[in-house]
């Protein structure tokens, strides 16, 4: 017969006090939505690496050009078509006499412009377009979607039918058409006082923004609407209504706030998509005007000289792939971190 | 081994999740005789389903058996290869699940899904399997079997779907039927029908049944014996009479107390069991029920209680049983067969 | 089912009509007609040309004429390519694009579906990680980058494949591969998440409980459910292939409808622009309707309105 493997004594059979019991109850601490999400995000190595890359890219595109010795439209006579790190005759002479010449890290193009700064500016343009377009889409889309979702009924029906139609219209076709169509009127507008900036930015770019505002918000609207549809059935909405809250207040305070996670994720993923579209259009020649570079237009220009100057193609190609990839991975990571469905 | 159909001894099973090791089963021992109905009762997380699935080798990733033995019909389940297990599943041991809505594949017909079970384990032709499927539908009380064979799961009601699940389970006349909360997702009236059907079929086919549920009402009618589980352990086991009329464990008593009685003259408050279920990531050292137990003693917080025989058929794991005996300086280290076997 | 089809076709027609209208008015917003850039055209000659093409009539009249013709399937005469109708041009260029595009879609499906399934099956392991990395890169890299890199490696450096034209099977390799990369990656990711979703469903557990083997449960039970989202993607996939063709055709100098369209814009060939836009829009809308119908046929759960 087996014996008890430890000693018992009479004291052990006394009732346990409440405090003794409590010390054993280990409740897992509840964390807030944001803290929990960030914790999960930090654990995701790929997302963290992407975040670092994104920050680096932003730094290189926005900060470094401010201190860079060359500008994107500056044409240096005698320094045309230099290979990376090569110096022209003039520059060599300058250096021999003791002057300093900052190296052309990526060489120069056929007009003697430093290529590195052009790639950096190109990245800046792509990023600016991508971010502004995504913010536009965020506002228009979430406003539209929340109204449709919240009010439901025939308001929703009509609004969504419109969305369906916009969805089916081939966007690229409209962009191209609009770019062509707005070309002349905007050029005429550009010479008027106060509108000079149009010349710098380029007519095409503006038409891109217009089209984004007209067409691309539908995806966001759909997502927001379906979120709202789910959320508005929640009891706290009924409670708010019972307390007499107005529709606007309910949408703003209760519904949209709970969508924020989804909104952030969708916007983060919209950025690379917008950049994709912009580079595609620039490649076709419908993007920013020369001399302002865009990664797409740089790649397009480099296509011809691909044999002799391959780096002119690879630099913007690599840059754009890196930007889009890192934003996508970051967006994926954010979604994994903040999507409650995936909670353990 | 004794002549039990199912003999589980000291089973230990954990899930190795990113958050840590979840000790789902912490020394579970139970047995089922041929043609016997065993009820496993407990709350969510107690490990009842996990035990049943482990018997069929269906433990989901990342779970793993880390100790103990599982025997079915004299064969060691825990030592079988996947191929050997497949021959047993759906053939000698069948299982029906809780939610008939999601347990049937939406893109295949009922007939197809029933016939599959037949075709897997017998040499019948497709036509013969279809015939058998029809037979089975009639057996489980579904009218117009011809028509039903061609229908899809979403075209049937919840009760009918559960009958189909039973038909699939019985296709090869198993020795053991595991029913994992088969009626929880159904209306009360349908519940009664399904349970009646199961008892009827048990008599007809001479099967043993393991009925997993948190509903004491169900076990009262159907089961010969009951095992009460809490936090991955069998805390009490006995015949239905033993459990209902002579409950030994505080948890069992709590469960019985919390059932509202219709025939009480006074309207008493419902008596719940205070506290929350155990965090299986960090199970406490002593009795897992200690923090919620009204009669908790100091020993309970420190040491896992051993099994005490309350009769030939009835045992329970609680220090309270030893209190009086200890005071009288008599010890009962003996427990059930399994414990003896484990310690030898 | 019949009512549903009619409803969808009705919506499709309305959309095409809307697209045609938008295109018409946008085109005419552009100052400078098709004849302005031509050298030495005297005012009389210009007026005569405009009269010939009906460009001197008021806008609303032009619109109505156009729409009437459209209903007959007549897309008008090309203004820049004298003597050819728009229908003729489209008829000669479209098959080229269709061949390349069709092969690309097939390639994408044949690679994406298995890769996604493998990634789901081997979740967390090396195969899965590799597939995720490649497919994420595949959807991130713009196709002009893919095209140019492919061209650089296989034409310039290795001299294996030709850079332009479409005369031999070798000419098809790079364009089709470049065009298929994005959809293939997208499908792989979609398939992966869809499979993971399905693999966690209860009915998969039921299948295993019946004694079904891992392999069979994946192929028979999971795949059919998991492929449904991929089918819905076919609509947008076609749209992508269409627009992707612009770039691919430009880089690889393929005489397809995509490059024709881009060219017509720069040369202000109104009828051709309109005709191509409407044709492409009609194509996409039709495909979307077909995909919708196919989806409802595959999934028995969907109630047909």
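Every chain is named by a letter (A, B and C) in the order it is written, and numbering of its residues begins at 1.
Criterion: a contact is a pair of C-beta atoms (placed from the backbone, for glycine too) under 8 Å apart; a residue touches a chain by one contact, two chains touch by 3 or more.
From a predicted model like this one, the values you see are computed outputs, not experimental measurements.
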Chain whose averaged C-alpha position falls nearest the assembly-wide average: A
Centroid comparison with chain A (C-alpha atoms), farthest chain: B
For chain A paired with chain C, centre-to-centre distance based on mean C-alpha positions, whole Å: 25
Distance between the centres, which are taken as Cα means, of chain B and chain A, whole angstrom: 51
Centre-of-Cα separation between chain C and chain B, whole angstrom: 55
Residue numbers of chain C (touch at least two other chains): none
Chain A-touching residues of chain B, taken from the complex the two chains share: 17-19, 275-276, 279, 281-282, 284-286, 290-291, 295-303, 306, 319, 322-323, 326-327, 331, 333-334, 340, 343
Chain C-facing residues of chain B, complex: 56, 58, 82, 86-91, 94-95, 97, 99, 102-108, 116-117, 120-121, 152, 154, 165, 168
For the chain A and chain B complex, residues of the former touching the latter: 1-4, 6, 8, 10-16, 20-22, 24-28, 344
Interfacial residue positions of chain C with respect to chain B in the complex: 201-203, 205-214, 221, 224-225, 298-301
In the complex, chain A residues that touch chain C: 164-165, 168-170, 172-174, 176-178, 180-185, 272, 276, 279-280, 283-284, 296, 299-300, 303, 306-307, 310, 313, 317, 320-321, 324-325, 328-329, 332
